[in-house]
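Supplied in structure tokens, the structure appears directly below.
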Amino acid sequence: MDGFFVIVIVFLLLNIALGLFRVWRGPKVADRLLTTQLFGTTGMAILLVLAGYLKELTLLNVAITFNVLAILLVIGLVQVWKNKKEETP
Amino acid sequence: MMIKEIITVILLVVGCFFFLAGTLGVLRFPDLFSRLHALTKADNLGLGFIAAGMAVYIASPWAALKIFFIWLFTLLASSTSCYLIARFQKEQNHSKNGKEGG
Amino acid sequence: METYQIYTLTSAVLFVIGIGGIFASKHFIKKIIATMIMGGGVFLTFVSLAERDALAFADPVPHALVITGIVVAVASAAFALALARRIYQLTGEESFTDDK
Amino acid sequence: MTDLPTSPFPALLVGLPILLATLSLFFSARVKALVGLTGCLLTAGLALIAFFEVTQRGTVIHILGGWEPPLGILLRMDSLAAVFIAMTAVVGFFISLYAWRYFRAQAATTGGFPLFWPLWLFLWAGLNGLFLSNDLFNLFVTIEVIGICAVALAVLSGKTGALFAGLRYLLAAIAGSMAYLFGVALLYGSTGTLDLGLLGQVLEPGTTTTFSLLVITLGLMIKMAGFPFHFWLPPAHSSALAPVSALLSALVVKGAFYILLRLWMEVFGVSITYAAGQLIGLAGAVAVIWGSWQAFMQTSLKLIVAHSSVAQLGYLLMIFPLLILAPGVTADSAEWLSPTWTAGVYQVIAHAFAKASFFLSAGLIIMALGHDRIESLRDLVGNMRITAMAISIAGVSLIGLPPSGGFMAKWMLLKGIFMSGQWWWAPVVLAGSLLTAGYVFMLLRLAFAPAREIGTFRPVPKSLEVLALLLALGSFLIVLPADYLIQFLESSEVFGSGIESILKGGAYGND
Amino acid sequence: MSVLIDIILAILAVYLALQSLLAPRLTQSVFLFFAFGLALALAWIRLGAVDVAITEAAIAAGFLGVLFLDALRDFSPRGSEKKENLEAVQNALPKNNTKSLLLPGMALMLGLGLFLLIALEAVWKIPDGGGLTAAAEALLPESGVEHPVTAVLLNFRAYDTWLEIGVILLGLLAVFAVGGIKIYRKPVMATQDPLLRQVILFFTPVLFLFGAFLLYIGKTGPGGAFQAAVLWGAIGILLHLGGRPVFSMIPRWLGQLLLTIGLGFFLILGFLFIAGGATLFEYPPAHAGVLILIVETMAAISIAAALTAIFANLNQMNEGPNEIESTN
């Protein structure tokens, strides 16, 4: 079972690595926002699997913290760019 | 014990499949909106399966509740940000077109 | 090769990347990011050595030090960010004009 | 270590300024200055009481939380720490008074910089904490406190020049402390302790130890602007407000030197080689020549003074090669250790007084003239007699003419150099003095030159001039208790145990 | 087998660090830096440092991330869709003055390479000092809490933690020193976005409750004051972004009290211990657990307030009239 978890984690990590490609290429700001989301969701999945693999349930708290702050980040982000756009019509 | 593990394995594999689909979608789809669609739908589904799998594996009600909340929050975060990003891009497109037209 | 060794080696690499970034990057923000990377390397050293010294639990002292260190580093970074933004607002400069 | 007498003073010396700084945040600008000034006076008083406590009882400690090292943290106030704390108190006292009057004189145009007070009190607490600390990681936290306060104070004027200099200073400071922390991480990994005393006992030579020594020394040299990491100092010190410049050059850079001294003497004994000592000495020697030369080339007063700091800090680095004994030399025969120590401590104190006075005077000149280009210093003597006197006296101490504290420091350093046989440092000391004399006399020549135009000097408060003069006189007065001070310093465990650890069981000091 | 995870994580972290410094555009840099934070957080978990992972997620990725994003508002080329600006940015890259940069660049690379080699050897050959795990384990029952990291932070090394709370307050004062005090200003703009308002309404209690939960479980497991503080601070930041700056809505004295109570309470408690004949931060063993929880709560409130204020001040720093005039 542990071996299987490791494979899943490695697979998800590789997914993140692929996603990086999009951050790298852009082309739009929104694309980069998108990939942060990919990181967030995939990272969350990795955390969940790690919680089972390491039998460390406190990892769930890490996941919730990440989650909640991810929302903050997204809100901040869009707010920031919205204001920016308003400034420079 | 065996049945529990088999269910976990199946759920995780399905989850991984959706993640792969989401990532490929992001890489391959031509424009932002379809990429957004692919990513948000597929990854959240993938996360849902993985969350279910881990909830089955850990098999504790308290942990299952937390996992459910994690999934819910991620869903909320990503749908919010999906909406915000899409709107952001739409406004950008709009203002750009308006500028070029005027 | 032990798990902790992978990470101690990584930490040395990150530390050096951070130093290089502070000198070689031009933009203020990148210099600040470089200091955080440098810090990440240092904290990784602490935590990986804590894992090496684990008994019933990993060595808690480095964990506490790293938590303190992260907070201190973030406070400094916030201050640096404030300076950078203020400079940009007053002068429009995004990097040190005379190269050091 | 933990059987030494316990005293609450070490904890109070850190706690009181922070308590008062926190309190001052609640008040409006005008009251904030008053609370701040009162806080400074209280802190200075407390520091002096603590100093006398140490002279009476010897080294005192404070075991924080009752947890002994290695798990807990211990504050230690030995004679070296006491001397540094007392120096901070005296210099800080005068600068606080000056700052209060100075900001009040300009309050109408600048708002009086109320944030100066909490930041300065935090800085003071950080300095006291640093001098008292006996723990590698705690030292990191205190140098971060000092670094953030120092940069925040340096940019208080809000001018773009100061902001650029401040950001450069801050980035250098962060890089320096991260390098230091990397060394700490490796030392903790190799020994399992952060306590300086325990570390000195268990540390063994090896690649990791040598590398830790390297990164820690590099990090601290960035912090103390040792050559070739001095690039941030002249712009930061010259663009700050006058009281801040005085604080930065008199006290802040000494903090990093203090850690370096402690670590080299108490911890790294086992891995320091003769060559490492020579190398750091070389950095000091280059700093002395280069800094003095640069100072000579500047055209504005504050830049001259700031570059002069680079040079004067170079002298501090030059004591290190003398303290590292060549293979085969025992401490018994190394009679130059005592004068070298004295030279280092005297250089720190003399420079603190002289440079504080110099910067405060420069602040007054800017107040009077609106700028500090040196060609306008003509007839300074006629217009600001007391300030001219302060500059002359402080300058004489910087050059190292008798009977100043600077002379004492350089004389002892030369004595140490010749007794140790490392004669090649002597020309550097002399050349540094000569170059210093060059720029000081250049200033004085202008100050005594007849004026070309009349009425360019606006009047400045007399009390400010007197404060600057008193600090300058301080750099002479410190020679008076020399014998007593040397004896007091040598009674400390640092000197005994530190040198001992260098020699791995050799005998020196009290033995 | 699981070494594979570590190796991928390590490579990912190094790659992300390098790319975030080499990326040609600032936005890319910042996003890659977030990703680097995520990779580091996973590394902390692999190394059994769950507390550190939460702190990294909360402060280094979350809080600093928001600060960086906010700063991008100033820095990235105005109206990034404009072509000429993009070109200007690309031209500003070092490629057009490569000649003058070649020599020092190569010297830097060489120096760094050499330094890296020594560093790698140093960390490879590090002797085993044994750490303080055994010492902490032995004294844990006397500390008043059950979680070793909390015991170290709030009891064994409480002095460092207290100074650290001071450093955060100091960070705020430093930001004030640069940009003027602007946290008491009324909101410049209020958001009209209905979805955003719903999100804020929903998340404020969630953040508060989860923060309190983390604070409380800090006694027995990973969690504690700093992590809770960031979540509470996030409430302040959310409200600010939603057009309701906290510090302008409460009386000034209350704001000042919130900012200072952590540092002040901790210290006054310490002074009381000294007055009682003990040393600073020496809790009476019988009440250590309760006192630590109170101290943690106060600290969390203050840190949360300070983080909110740092964000609010930075966010408004360059808006409106400048309180500090530039004359240089």
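We just call them A, B, C, D and E in the order they show up, numbering each chain from 1.
Following the convention adopted for this analysis, a residue touches a chain if its C-beta (ideal position, glycine included) is under 8 Å from a C-beta of that chain, and two chains touch if they have at least 3 such contacts.
Note that the structure is predicted; figures quoted are calculated from it, not measured.
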Where subunit A and subunit E overlap in contact partners, by chain label: B
Required minimum of steps from subunit B to subunit E, each step between chains that touch: 1
Centroid-based (C-alpha) most distant chain relative to subunit B: D
Most contacted chain pair (by C-beta pair count): C-E
Separation of subunit A from subunit D, taking each centre as the mean of its C-alpha atoms, in whole Å: 47
Subunit B-subunit D separation of Cα centroids, rounded to whole Å: 57
Subunit C and subunit D: spacing of chain centres that average the CA atoms, whole Å: 27
Distance between the centres, which are taken as Cα means, of subunit E and subunit C, whole angstrom: 12
Touching two or more other chains - residues of subunit D: 71, 137, 141, 144, 148, 151-152, 155, 160, 163, 166, 186, 188-189, 192
For subunit E, residues contacting two or more additional chains: 2, 46, 48, 63, 72, 119, 122-123, 126, 128-132, 136, 152, 156-157, 160, 164, 167, 170-171, 174, 178, 196, 199, 326
Set of subunit A residues in contact with two or more other chains: 35, 61, 64, 68, 71, 75, 77, 81, 85
Interchain pairs in contact, sorted by label: A-B, A-E, B-E, C-D, C-E, D-E
Interface residues, subunit E side, partner subunit D - complex: 118-119, 121-123, 125-132, 135-136, 139, 152, 155-160, 163-164, 166-167, 169-171, 173-174, 176-178, 253, 256, 259-260, 263-264, 267-268, 270-271, 274, 278-283, 324-328
Interface residues, subunit E side, partner subunit A - complex: 1-2, 4-5, 8-9, 12, 15-16, 19, 23, 27-28, 31-32, 34-35, 38, 41-42, 45-46, 48, 50, 53-54, 57-58, 61-63, 65-66, 69-70, 72-73, 78-80, 189, 191, 196, 199-200, 203, 206-207, 210, 214, 217, 221-223, 227, 230-231, 234, 237-238, 241
Parts of subunit A lying in touch with subunit E, wherever the complex brings them together: 2-3, 6, 9-10, 13-14, 16-17, 20, 23-24, 26, 29, 32, 35-36, 39, 43, 46-47, 50, 54, 56, 58-59, 61-62, 64-66, 68-69, 71-73, 75-77, 79-81, 83-85, 88
Subunit C residues touching subunit D - in the complex, by the definition given at the top: 15, 18-19, 22, 28, 31-32, 35, 38-39, 41-42, 45-46, 49, 52-53, 61-62, 65, 68-69, 72-73, 75-77, 79-80, 83-84, 86-87, 90-91, 93, 96, 100
Residue ranges of subunit A touching subunit B (in the complex, touch as defined): 1, 4, 8, 11-12, 15, 18-19, 21-22, 28, 30-31, 33-35, 37-38, 40-42, 44-45, 48-49, 51-52, 57, 60-61, 63-64, 67-68, 70-71, 74-75, 77-78, 81-82, 85, 89
